[in-house]
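In what follows, subunit A forms one complex with subunit B and a second complex with subunit C.
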Partner chain A sequence: MSIAITTQIICFTVLSLVILIGALGVVLLESIVYSAFLLGGVFMSVAGLYLLLNASFVAAAQVLVYVGAVNVLIIFAIMLVNKKEDLKPINDIKSRRIISTSICLTLLSLLIRVDLTNVWNLSSPQNSIGEESTIRIGEHLFSDYLLPFEVASVLLLMAMIGAIVLARRDVMSKDISTGLPVDQELIEKSSEPLLTNKN
Partner chain B sequence: MSLDSIPIQAFLIISSALFCIGIWGLLNSRNAVRVLMSIELMLNAVNINLMTFSSYIDNNLIQGQVFTIFVITVAAAEAAVGLAILLSLYRNRVTVDMESFNLLKW
Partner chain C sequence: MEYGLDLEYSFNEFLKGFGLSSEIAHIIWLPLPMLLVLVAAVVGVLVTVWLERKISAAAQQRIGPEYAGALGVLQPIADGLKLLVKEDIIPAKADGILFTAGPILVLVPVILSWLIVPFGQNLLISNVGIGIFLWIALSSIQPIGLLMSGYASNNKYSLLGGLRAAAQSISYEIPLALSVLAIVLMTNSLSTIDIVNQQSGAGILSWNIWRQPVGFIVFWICALAECERLPFDLPEAEEELVAGYQTEYAGMKFALFYLGSYINLILSALLVSILYLGGWGFPIPVELIAKFLNLPINAPFIQVFTASIGIVMTVLKAYLLVFIAILLRWTTPRVRIDQLLDLGWKFLLPISLANLLITAGLKLAFPQFFGG
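Our next item is the complex of A and B:
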């Protein structure tokens, strides 16, 4: 890469700080809307890391798919299910927190130990391919990864149909369980949930 | 100390930390939307790993970048289906609290 090493290190530090603080904010913040917007920031910074790794095509794909599609989808879902509700307290929340935090910290220390102690067999000329990587990805997709590429299109079609089938409201004249006429208005009336909570 | 590029360990540590934050969020959040966001964080950590190894070890064939493209595809499909499931769950239960989805508990 043509950028000087000092600039690279500064960019890397800023991007990784944004990633880690943003990710902590995503899991820790009280308001889910703030979490969603911070998640967008994390995705953008990950795209910046890809640029540092000399992969402009994947960085563009990351911005388009994650920030443009997944994050917008999450914000829409929050908008649709955003109801203030008082969560029932869990009685053993303390022990759960302690156990899960210790599991995560153990896994983190294990991973960092592996990262630092393993001797990586690096290839000597760094980033020799550079801007040619987009061409190389295209060659891969249409030669040795052709079958996964085609299967991915089928997967996307299945996901699209599945999402439509799962998320639409059934347009029926009568309710199946109660026999009452169903109101077809845009805003859902409060009705008895079909699966009532037993306990 | 003189470097000619960022050490590979820096990228790997960032991705490990991001993965662990994702697991913590997955285990501890009570809002179902936040669980989906944690899964996206974990997928991003895996993507950073793939891209790092592709750039530092396999920088001629860059198969890791192709893998990342496929992971991004699967993540998009997963997010769409997951949020659709969440919407229909919300319609039936009128809540997104993970503790109340206990139909399969035994």
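Our next item is the complex of A and C:
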């Protein structure tokens, strides 16, 4: 066995273990902060898997989008609303856990079945495109995947407008969720600079 | 254009001369450039710390470090030694694991980014195809480390500092990436080697700074903000937040932050010089000089000479920018957080978008000047 293949196997094992343990930790840990940081670790290891598959552009994009944007925003949100409150214990927690576990196991078995039955079209290492993949991805985004690409950007725009509407409640007179008139007192108004008052 | 020293090839050939297989030779070769770059980065930090102390002293009409070595050149080493032997304190109510992992997460991406910094045609660790994009992706990991250490310190100043650092870094990453995109558009490649080669046609006249003046200014402002240098050092604004996310840190963990921020400053200066100031290029093309002196460009002597000029030029340009950054630190007041976010989102972002659009238009109109 050559050194390259050994390295690859070691990397793959370590990355898979990190992904599995990290993902379990995200779900099972009590502390939401630990879960969020572990999620970042899982995203990074997935990027590592992409690197092993010679898809360096996808790996970097994964780091930039998922770790640098999604995960940072999740952690940011958690820390901004980091309130210590005692949550009420849920009565039928046991049955809920059983139901969610069974649903997850069903999904897992479905995925395993797909994995086993599908005939994977594996390309040999000789025809892998490697570094050229950046150009190929660009070509696809502007030809046959143009519509999904643009629709995704419209989706993001909608999410952005929604976030602005939720954050700036002064644009609406009624609260969206309750229907009551908005308490304008609570909204921060831009205050005049201190110096102008002194004249 | 494929000339220049190929140290890896020569080294491997040298080892094969002793009867080693090419695989073993490659494995022996691999850590060498990494170690070299790591040492270069740390030495660069020591020089920058000394410069910072001396230049800030000069800006304030003081003498600065004077007794540790000639002109105080040993002062940064003394600082480093002091931090090394200090007690490592974890506050009682802090979160030990996250508290330790935070500084590491801040430092490691910065050092990894040195992978793509070229000092010559073949003088870099790895000419990866995604090149400059790797740096953009890696620098987006840093805010997680800052948030982590801010949270784990269990201190309101630390938490505020961490949150500010993350907000600042997210807002300035976008104009930064957009101005890099304009360069990539002109180069048709993400590789830092190609970016420098594209600027090497006519010496100083073909540097990107003349074709991308707006991009250069936007990039430099954003790079300063990413490094948390004054006027953008809000995350550690000492008058408001004690020291921001570093407040509770001592000893080597603090040193990691310190090292990280200075390595990041040097890295940003290096990248500005690579993207806009012609990288390792001499103001007058070396080929022209060689032709003028009637010397063959591929002669070993000329090769070594070109490589050393390349390293000197890269470092010189980078340190000129570091000098400007230090001067800026002592001459500009700190911006407020709302001014910072306004500048990022309402000014730099539209300007860099317009710059990208104009670059694309100019590329179509004048392909010979703006890369075809």
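Assume the second predicted complex is superposed on the first by the 145 of 199 C-alpha atoms of A that agree within 3 Å, B and C clash if a C-alpha of one lies under 4 Å from a C-alpha of the other, contacts with A are read in each partner's own complex, and residues count from 1 in each chain.
The rule we apply is simple: contacts are C-beta pairs under 8 Å (C-beta built on N, C-alpha and C of every residue); 3 or more make two chains touch, one makes a residue touch a chain.
This is a predicted model, so every value here is computed, not measured.
*Asks:* Check the residue A:Leu80 against both partner chains and state whether it touches subunit B (first), subunit C (second), both, or neither.
*Replies:* Touch status of A:Leu80: both partners.
*Asks:* Can A:Val119 be said to touch subunit B (first), subunit C (second), both, or neither?
*Replies:* A:Val119 contacts neither subunit B nor subunit C.
*Asks:* Looking at the overlay, does A:Val27 come into contact with subunit B only (first), subunit C only (second), both, or neither?
*Replies:* first
*Asks:* Scan A:Arg97 for contacts with subunit B and subunit C and give back first, second, both or neither.
*Replies:* In the superposition, A:Arg97 touches subunit B alone.
*Asks:* I'd like to know which partner A:Ala69 touches here: subunit B for first, subunit C for second, both or neither.
*Replies:* In the superposed model, A:Ala69 contacts both subunit B and subunit C.
*Asks:* If we overlay the two complexes on their shared chain A, which of subunit B and subunit C does A:Ala61 touch? Say first, second, both or neither.
*Replies:* both
*Asks:* Looking at subunit A, does subunit C or subunit B touch more of its residues?
*Replies:* The larger set of subunit A residues in touch belongs to B.
*Asks:* Could you say whether A:Leu147 touches subunit B, subunit C, both of them, or neither, answering first, second, both or neither?
*Replies:* After superposing on A, A:Leu147 lies clear of both subunit B and subunit C.
*Asks:* Just to be sure I follow: which residues of subunit A are touched by subunit B in one complex and then by subunit C in the other one?
*Replies:* Comparing the two interfaces on subunit A, one with subunit B and one with subunit C, the shared residues are 57, 61, 69, 73, 76, 80.
*Asks:* In the complex of these two chains, what residues of subunit B are touching subunit A?
*Replies:* 3-6, 8-14, 16-25, 27-31, 33-34, 36-38, 40-41, 44, 47-48, 51-52, 54-63, 65-66, 68-70, 72-81, 83-88, 90-97, 99-100, 102-103
*Asks:* Going by the contact rule set out above, which residues of subunit A touch subunit C in the complex?
*Replies:* 2-4, 33, 37, 40, 44, 56-57, 60-61, 63-64, 67-69, 71-73, 75-76, 79-80, 82, 130-132, 134
*Asks:* Any idea which subunit C residues touch subunit A in the complex?
*Replies:* Those in contact with subunit A are residues 23, 27, 98, 128-130, 133-134, 136-138, 140-141, 143-144, 147-148, 150-151, 159, 162-163, 166-167, 170, 173, 190.
*Asks:* Please give the residue numbers of subunit A that touch subunit B in the complex, ascending.
*Replies:* So the residues of subunit A touching subunit B come out as 5, 8-9, 12, 16, 19-20, 23-24, 26-27, 32, 35-36, 39, 42-43, 46, 49-50, 52-55, 57-58, 61-62, 65-66, 69-70, 73-74, 76-78, 80-81, 83, 85, 87-88, 90, 96-97, 100-101, 103-105, 107-108, 111-112, 115-116, 120-123, 125-129, 133, 136-137, 140-141, 145, 148, 152, 155-156, 158-160, 162-164, 166-167, 169, 188, 193-195, 197, 199.
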